[in-house]
């Protein structure tokens, strides 16, 4: 994710960080060349009575803008939901640890609990980005749960199971009454919802046909546009044509990027930083020290 | 559901998987022929002072685009809700099994419980696709519940009843206090919500009049369009006309497809794969082995 | 509600079931006559330099389409919420009966409970459609609650009170601990939400001014439209004008119809069939037989 | 709130009840005079080559329509949320009284409870409309809570506190176990949400800048519009210009009205009638008689 | 936040409070100068056949309006959610104190509890506005929690921890049964959600690329617009061009302002006043006196 630096409105016109320009630069250049071709071929093209006028393109442009608005809404809703799920992860894990402290559970037990909670966040991150969590888990998991979790193909869910077992043991040892057990178990159910919600976003994209239809229509629209504009605009065709194409292509490209918010593109969620925040919060609450260092955006204001 | 392969933006222009093109190809051809007819008949047609101009079609096109945007929103919302319900199915069943393990219920009892949970998902799938679940249920249901469930016309709901009875028996045998019973029973209520939510989506379509009105207006619009464009565009009429028609017809067709997300069309939910995921997850949690194989998309990237 | 039969896209163009055409036929005919008048009077009308052009109507048409989109959203949201409330009614009543069975309450008591639950659905239907529930209630209510419920001006709420009393008695007789009582009572609260939610939709329409403003602007727009189109379109004016009017009037009319989803128009909710479904489900769960017959759509695919 | 009478589509064109026409009549007259001025001054105005054409106004009109759609959405969402909160008030108070009856609490205690619940609704109404609740409260509050509640600057919240104390006393007297107490207390939390939600809507308007920007642009747009239309429409300018202005001004005015749904304008919520409904419902449940009379709309179909 | 004074529609046209005009005045002046340049250079500019017409700008303007509508929706949703979280803060803290009073906990304990609740609100405000809470906390925190909370880098979360400890102690001292403890602890979970929700809004802006794309396209659009309008409008170009630019720039600027609702700009949330309201409410409930004074808007109707 790109961190937004405070800046003047003018400088922002030329800001390239977080921009989708690199993704669409090639297509914009193509569009520019089409526009130049349109300007050059205009005399011949008119003689063949092959005319394109702006009227149908205006209708088409507005229709595409409406559908693109719909697509942006759908993609952005996924981004927002993904962020909310990670926000809830921090919230729920803080709640669980607060409960463990309020109920004065044994400090040693509480520390394994904290370790499992932190590991759950990291394991979820690895699962969503399809990277291997082994290295992290080997170092940080409590000894008794380690083997079982590392052996499982579904590590995050196994950690949740271990959290449940920890809670069940507290109950069997009499540290928690059934009532208190149930109060904390409800927060484990919440973790289950977070895990399942993230998996749902990661595995079920917006129906592929939406991408296809919009990708094609936007592309074809931008390609034909210069030929429609050239009659009115002549030498201004390349400028206006590239401008209109930039508007449509960049929003289409951004919608595509946000659709999968767990990726590592510039506008995706900074899962590493979020895990780091969770770890700092929980360890601070558990009075551990020193705390891990806070992740900072790199020189390009990028936070992974 | 079509699984989206990583691919270049250019290749996507010619990607036919998951496309709704087959559904609208006939109507697009009709439109092309109308456009050719419009070009050919133009001289006569003008002499009769039967004129169609783009201005009213522009107004109409934008209005239809707005209503189509509304219809796509409504259809997509049904798709998303259906997916969320199936996501919640996985989440809730994992929570229930986690609770059963945390509370150290007897392994034999836990296995019947797992079998019932898995059967619930498959029975729901069969109910939503209106196929017969008998074969599956005969093989996988615990012996004592089998006859009763197979005899019922509402199999999924009967399985939920059997899950409730299982829970009640645990309470009567003293394995669960009233408090713990209630904590798990709340998750059965959640299963009840999932079942009822899916039934609602399956049995109540978007009011039929919306489909009718949009279907007719889109169709008539596309049919008349070439006659309006021909005055300005002459020989370019077929190209532009088919392009505009493609945009409107494909979105109308996709909205129709997504409206019933439990079907087996290319953009519908992969209920088989979702049931398979649930089965793998629960059996893995219950330490059963070997686990069922994970469903893979077929050669056309299709997942049923 | 109109049940959608599987059908070919072509046949749907001429499908009249569920259509709002009958409601707007008179206004469409008026519009057609205005269009003919516009064509006939065009020469005079031009001489008086009373000109109407498409440009301002295009602006107005798009603005009205946007506001109509807003109105359709609002109406459809009411329809969806109403359907969800009735879905939750089925869900919650199934949950309550499942709980009663799991907790092994006395069969006789369970049967009165089932009867009350079914009666609640029918009484709610009668209340929303403002019909008299007396006949049904006299036949199906448990004897001891009958007099009290029939005497009340708020029958559905009284049945809910009777359900609460039934639950309180189970607790006093020791069949339910306070914990189990509370677990079931929460589902009665849910019934209370359903009752109140339906009452809210039935008694509070979308602010009347929205209907007025859109009704008037759509109507005036359609009336003036032919005079604006005639300059460009001449003899095609009636066709295009009726087409545009159809699009606007039918969506306005449908929005009006959906706004009150508990009515008996073609696109309203099939409350009879929903009550019937609830009755079948609960009686099947309670192992009663024979089950009531399932309501089927009539010859016009209409389900009340 | 205006109650919608059943009526024919034609009569509705001339229905003034609930209309926002009175609010915008002056501005419409101004617009009419501007249009007349535009028609009269057209010859001079053209000679000075001060031209306004419809094209930029078309663009501007559509943009304003889109932003007005957004503003209507935001205002209507506030109206809907306010109505839902008052719906929940009825729902929750009915649930609380049902619980009190199911648990067979002493009738005398139940009557004070009912009185407090009814008073809560009326006090909330007075707070939202910034009127003095003293008179009502003096007559209806239970004697022991009266002084304390009347002395408080936050009456509704004090009544909620009294409800909590009542519940706490039932627990201390042994009439409610901790479990049952908690079950009812959860509904008091719900009342707390209703109180806070209404306060939020009443004290935090939509950001003022939205009103300002739209108010200004709509106004300026309507003022300049006749000068843009006159070239094309000549003597029809006043008619079309007033029509377009009516569409924009009436929706802007209605959005302003709905933004504060607790006022006493024609389209605001009928808080008096809602309080009356709550009072009738609770007293009927508590078997009191005679019940208060039901508020009826006045001769102008207005319900306050 | 600007408090809206009751005022006439005419005066509002010239109301500068809460307006975003100051932010965009420079850009509007630039636009005015471009328009003057366009008018002056028009003869040369035409001779070079460098033509810009309104048609492509109309298409572009509508597309940008649609995307701007989307951006305003997203920003406003953040504003609304932020306000709801602060509304819930008041609601939940009132509920917690009501519970403490109903359960007749010791007055001294209740006072520390009240102090912690009030401090939580102020600490959250300081965290969101990135100011130092030390001064306030030193004066108002209960002595025993002070050192620990002041030492923590995450003050608000530490106060929540102290609230949890307070609750745990009440349970250990026998003042609260496990059931009652859990009932209150659920409201602490709610505070945890409020804290996490505010942090989420404060740390995760709308993806930066949206701002960039819209900022650039709006800016470029406004810059080129006069050159497109000049052919039609001549000397009216500056007026119309500045008007259109005002509409687009002001909405873009407001969307930017609302995106971060915790700031101190004119349209942001009045966090000081909200904390003050919470403090008055809680102290009034706790029968403390004198109550703090209610914050009033300053002479410019501004409430911080």
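When the chains are written out, they are named A, B, C, D and E in that same order, and each has its own residue count from 1.
Convention: a residue touches a chain if its C-beta (ideal position, glycine included) is under 8 Å from a C-beta of that chain, and two chains touch if they have at least 3 such contacts.
By chain, UniProt protein names: A, B, C, D, E = Bestrophin.
Here the structure is a predicted model, which means the values were calculated and not measured.
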Across the interface between the identical copies chain B (Bestrophin) and chain C (Bestrophin), with over half of residue numbers shared counting as same and under half as different, the residues used are different
Per the C-alpha means, the centres of chain B (Bestrophin) and chain D (Bestrophin) lie apart by a whole-Å value of 38
Rounded to the nearest Å, the gap separating the Cα centres of chain A (Bestrophin) and chain E (Bestrophin) is 24
Going by residue number, chain C (Bestrophin) touches two or more other chains at 55, 58, 62, 66, 69, 73, 179, 182
Contact graph of the chains (line, ring, star, complete, other): ring
Around the ring, chain A (Bestrophin) then chain E (Bestrophin) onward, we get A, E, D, C, B
Residue set of chain A (Bestrophin) touching chain B (Bestrophin) in the complex reads 27, 48-53, 55-56, 58-60, 62-64, 66-67, 69-70, 73-74, 152-154, 157, 160-161, 164-165, 167-168, 171-172, 178-179, 181-182, 185-186, 188-189, 192-193, 195-197, 199-200, 204-205, 207-213, 215-217, 219-220, 224
Chain B (Bestrophin) partner, complex, touching residues on chain C (Bestrophin) are 1-2, 4, 9, 12-13, 15, 17-20, 54-55, 57-58, 61-62, 65-66, 68-69, 72-73, 76, 79, 83-84, 87-88, 90-92, 94-95, 98-99, 101-104, 177, 179-180, 182-183, 187, 229, 232-236, 240, 243-244, 246-248, 250-251, 254, 257-258, 266-267, 269, 281, 284-285
